[in-house]
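Shared between the two complexes below is chain A, which has chain B as its partner in the first and chain C in the second.
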Partner chain A sequence: MPTPPPIYLNASASISPYALEETSPPLPYPRLRCIEPDYKDFIDPRMIRRMSRVVKIGTAAAVACLREAGVDMPGAILTGTTYGCLEDTEQFLHKMVAQNEEMLTPTAFIQSTHNTIGAQIALLLQCHAYNNTYAHRAFSFEHALLDAVLLLREKEAPNALVGGLDEITDVLYCVLSRFDLYKPAADHATADASEGTIAGEGAAFFLLSPEKTPATTAQLLDVATFYKPENMPERVAVFLQKNNLAASDIDLLLWGKNGDSRYDGLYDAVAEHALPSIPAAGFKQLCGEYPTAAAFATWLAVQILSGKTIPKGLLPNTGVLPKKILIYNHFYNIHHSLILLGGP
Partner chain B sequence: MESLMQDLKAKIIVQLNLQDVSPEQIGDDQPLFMEGLGLDSIDALELIVMLQQHYGIRIANPEDGPKIFQSVRTIAEYITAHQKTA
Partner chain C sequence: MNGEVWIGGIGLISAIGNNVAETLESLEKGRSGVADMQFLQSVHRGVFPVAEVKQSNESLAAAAQMSAHLTRTALLSGIAAREAMASAGFRPSAKWKTGFISANTVGGMDKTEEFYRYFMQNPASGRLRDVAHHECGSVTELVAEQLGLTDFVSTVSTACSSSANSIMLAARMIRQGLLDVAVAGGVDALTAFTLNGFNTLMILDREPCRPFDQNRAGLNLGEGAGYVVLMSEKVLEATRTTPLCRLSGWHNATDAYHQTASSPEGTGSYLAMTGALNKAGLQPADIDYINVHGTGTPNNDQSESTALRRVFGDACPQFSSTKAFTGHTLGASGGIEAVLSVLSVQLGLIYPNLRFTTPIEGLGLTPEVAFRKGEQVRHVLSNSFGFGGNCSSLVFSKR
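And now, the complex of A and B:
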C-alpha cells in the first residue's frame, strides 16, 4: 500500500512540569504542575490580565513554537483540550452561586469555553486563518493533529500550528481524587503494583508543514485513534502494516505507562505481542497523567529525534539514537492512540 | 469626592486585573478608554457591574456609558449625583 507523503514538524515548544535544565528542582509528585515562564516575554501584557493560567500556558507555548519556526502567521490554528478553561469556568460558576445569579461579570464567562486558547492565539497574532478546537476527551490532541494533516494534504493551508493542552485545578484534582485516579501517597509515577497515578498538565505546540525545511525536526508519519479497542496488539500490528513497517523498524516505543497497576499491563501486552524486543521508554514520570499527555509525548519524541537535550536515563542504553518512534498512549483503557514519528 | 476617586481607582485595578498599575498612576481626568488606560468594551461591562455591586448604581440608559466612563472623575460625579438622588 503506498504511504502518503509525510508531514514535517518544523518547530515545537512545550510548557510542562519538566524542565530541561539540570538545576531544576525535583518534580513534586503526586501532583505535577507546569513550570511557568515569564509570560510578558510571550504575550502582550494588556492581554495577560484577562487570561487564566491555562490560557497563558497555551498561548505562551504557541508563541514559543512560532518563534522557533520563524513564522509570524500560521496558515491554521488547531488546539486540542479535554478540560478547556476550567479556572474560568469555576470562577464563573462560583460567582453564580455566591451572587445568586446576579451581577455576573463577563470576562470569566467569555473565557470559559474550550476554544479560548485558540482564539487568544489568533487575537494575539491577528490571524484570520482556519481556527478549530477539538474537545474530544482524550482524543482531543490527536484529532487536532489529524485535522492539520488533512488540511495540509489537501493544500488548504501552507502550515498549521497544532497544540494539545490541559490544566489541573485544585477543584479538578480534588474531584478526580475521589474517583481514585491518583496515588494517595507521594509515590513515583513508575512505582510498581499500586493503584492510581500522578496528576499532570501541560501544553505542547507544533508547527506542521508539507515542506521540509532546514529547521525540520521530525516527520509525522501517521496518527490513529482507537476507542475501547478489544485487541490493541492486533491494532498496532495493522497500523505498522499500513505504514509498510515491520515491528523491528521501530527504534523506540514511547509508552504512556503511568504507574497505575490497573492499566499498565495493557502497555506490556502491546510490547510483548506487537513490538517484541523493541526498546521502550515512558514519559508520564515527566508530565503526569492528563488527557492530552500525548502532546507532551510528541514534543519529547521530537527532542529525541532531533538530537536535542533529553532527560538523563530516559532512553534504554542501546547506543543508537532512535530514528523511528511510536508513541502509544491510552487514557484509562478508553481512548487509545498511536502516533508514528520519524527523524528529519 | 477625593476619597471616592481613590476608592474607585483601587476597585478598577482589582476588577479589571490591571497588573503593574497602581492607583497613583491613574489620573483623575485621564481617559479610561482608548489612548488613556486602554480599556475596551469588555472592561466597560465589568465597570457597569462594579458600579452596581459596590455602589448600588444601575445605569439605566446605556447611551450614557461613554460620558460616565470618560474618567475616574466622571464616574465619581455620576456616583455622587445618583447616590444622593437614590
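And now, the complex of A and C:
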C-alpha cells in the first residue's frame, strides 16, 4: 500500500513539570506539578479569573502553540483528556454532598465537562471550526491526533490544533494512591526497582498541517492504539511494516517506562523482540505518569527532531541526532500506543 | 476515502422503551417517558420530573448480562449496543476490523457519588469498586469487552453533542479504511450531579417539557443509550446485510459564543446544518424531516429556530423534538435520535412534538404534533448541540 502524504508538526508548546532551563527547580517528588507560566501573557485576564487550573494550563499551551506557528485561527481544535476538569467536578460534587443538594452555584458545574478546554480555546479565538474532545483514558491524546490526521486527509481543514492534557488534584492523587499506583513518598530514589510510579500532569499542544513551512519541526508519520493487545511486539512489527520501515530505521525508541517494576518489563519485551538494539530513552522521569503523557513525549520528540534543547543525559550517547523516533507508551498494560515521528 | 457508509443495525433504550419495538409503540401512542423520579436518589424527587428508564440496576444488569454493581451508564450502554449488533446480525470476527466508539458526559458518576459520600468523611473509606469506572472511557471499555469489540475503542465527550460526534468519527474511519464496521453512539445515566447542575442553571422545567412552544420553561433530564452499526460497502456485500439506510452527511462546528448559552443567531447550529447538507450533496429542500435538538429551554429553542429559518427560509421541513418523550439524555441524545432518524427514513415515520400548542413569537415555526407513518422520507437531518458551543448535525438518507 502506498504511504499517505505526510502530516507536518509546524509548532508545539508544552506546560509540564519539566523546564528546559538548567536552573529549573528540582522536581517535586512524589507528585510532579506543572511549572505554570504567567497566564496574563496568554489569556485575556477577564477569562483567567473564571478558569480552573487545567483550563488555564490547556488554554495557555494552545495559545503558545498557535503563536509559534504564526497562526491566528486554527482550522480545527482537538483535545484529549482523561479526567477532564476534575477540580470543578470535585468542587461541585463536594458541595452537592456537603450541602445536601441545596444552595449550589453553577460555575463549577458549567466548567466540569470534558470539552471545557476545547470550548474555552474556541471562545477565546472566536473559532467556529470543527471542535472535538476525546475522553478515552490513555487513548485520549492519540485519538485526538488520529481525528486531526483524518480531517487533514479529508481536506476538511487547512490545519488542526491538537492537544493532550490532564491534571493531578489532591483528591485524584489520594484515590489513585489507594489503587496502589504510586511509590511511597520516600521511595522515589529507587525509581526503577520497586512497585509504583510517580504522579504527573501536563498539557502539550501541536499545530498539524499537510503543508511544510519554514517553521516545520517534525513529521507525524503514524499513530495507532491497541486495547489490551495479546502480543505487542508483533503489533509493533506490523506497524513498522505498514510504514515501510525496518526496525533499524528507528533511531530512537522513546518509551513510557514509569519505574513501576510490575509493568516496565513490557517495554523491554517490545524492545527485545521488535526493536533489537535500537537506542531507547524514557520521558516519565520528566513529566510523571498520567494517561495523556504521550502528548508530553510527542513534544519532547519534536524538540529532539528539530535540534532544540534536549534534556541533559536523556539521549543514549550514540553521537548522532535521531531522525526517526518511535514513541511507545502503555498505561498499566491496558492501553498501548505508538506514535511515529520523523524529522522535518 | 470514497464509498458510502451504511447503517446496518440500531439499538436503543430510553424512558419510552427498552428496545426499538417498545420505543416505536410509545411514539405511536404518544406515551411520554417523563414522570416522577422513581430510581434516582435526590432531594429533588417530586419537584423535577425526569425521564428514567423504568428499571432497577439489577434488572438492567440481567438484560445487559453484566454485574449489577457496575455503573448504570455501562448497563444502559450494554443493552443498546447489544441490540444494535443483533439488529445488524453482526458478530465480531477476525475478518473485519470493528470499533466501538461511544460517548458519555459523566461516565460512572452515579457510583462516584456513592463513593464520595464515604470518601468525604474519611479519605480511606468508600468502596474502590464504586470509583473504578468513573472515567468516561472506562464505561466504554466495560461494554467493548462484553461485546467483543476491542479492535478500536474510543470515547467522545462533547457534552450534549457527544454521540453525534462518535457516529461521525466512525463514519470517517470507515471511509478512510481504518475500520470496516463500527458500533457508534452514546449513553448517559441520570445522576444527582447532572440534575443538580442543570438546576443551578435554572433550566429544568417543573412540568413535562414543551419544546419549541412559546411557553416552554426548560428541559427534563432523561437517560438512555442509542447506537447504530455503521458498515462499509465491502462488509455490506460480504455479509449480505440489508442496510436500513445510509449516513450521507455530517458536520461539526462551534458556536464560540458562551460556555453554556447558544448565540441568538444560532451560528453554531447554522454551520452544523449547512455543513452536513453540503457533505451529503443536498439542498435544504431535499430534507423531509428534522429531528431537532429542541431541549425545551428558552435559549436553545430560540437559537435553533433562528438557525432553521436561516437554513430553510420559509420552507422549513416537518420537524419535531422527541425530547418531550425521552427527556434530554445528554451524551446519549445524539445516539438515541440517530436511531429515531434511521427509523424515520426506513419506515417513513414522522414523530410528534408532544405538548406543543403555541409557536414561538416572531419565529413562527410549528413542529409536527401527530405521529405519521407511510410518509415519503428520503433524507432526515438530526441536530445535536452541546455546552461549550459544540454543534453537530447528521444526515440519514434512503438507499
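Here is the rule we go by: the second predicted complex is superposed on the first by the 339 of 344 C-alpha atoms of A that agree within 3 Å, B and C clash if a C-alpha of one lies under 4 Å from a C-alpha of the other, contacts with A are read in each partner's own complex, and residues count from 1 in each chain.
Keep this in mind: a contact is a pair of C-beta atoms (placed from the backbone, for glycine too) under 8 Å apart; a residue touches a chain by one contact, two chains touch by 3 or more.
All figures in this text were calculated on a predicted structure; none of them were measured in a lab.
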| Can A:T225 be said to touch chain B (first), chain C (second), both, or neither? | second
| query | Looking at the overlay, what does A:Y134 touch: chain B (first), chain C (second), both, or neither? | reply | second
| Who wins on chain A residues touched, chain B or chain C? | C
| said: Just checking: does A:F296 make contact with chain B only, chain C only, both, or neither of them? Give me first, second, both or neither. | reply: neither
| query | What is the contact status of A:G118 with respect to chain B (first) and chain C (second): first, second, both, or neither? | reply | second
| First (chain B), second (chain C), both or neither: which does A:P106 touch? | both
| Is A:R49 touching the first partner chain B, the second partner chain C, both, or neither of them? | first
| said: By the touch definition above, which chain A residues appear in both interfaces, chain B in one complex and chain C in the other? | reply: 104-106, 110
| Contacting residues of chain C [partner chain A, same complex] | 1, 42-44, 105, 107, 112-113, 116-117, 119-120, 123-124, 128, 131-132, 135-138, 140-141, 144, 150-159, 165, 169, 172-173, 176, 178, 192-193, 196-197, 199-201, 252-260, 267-268, 271, 386-390
| note | In the complex, chain A touches chain C at residues 77, 82-84, 92-94, 96-98, 100-102, 104-106, 109-116, 118-120, 122-123, 125-137, 139-140, 143, 147, 150, 153-154, 171, 174-175, 178-179, 225, 227-228, 334
| chain B-facing residues of chain A, complex | 45-46, 48-50, 103-107, 110
| task | Under the touch definition given earlier, write down the residues of chain B that touch chain A in their complex. | result | 15-20, 38, 42, 45-46, 49, 52-53
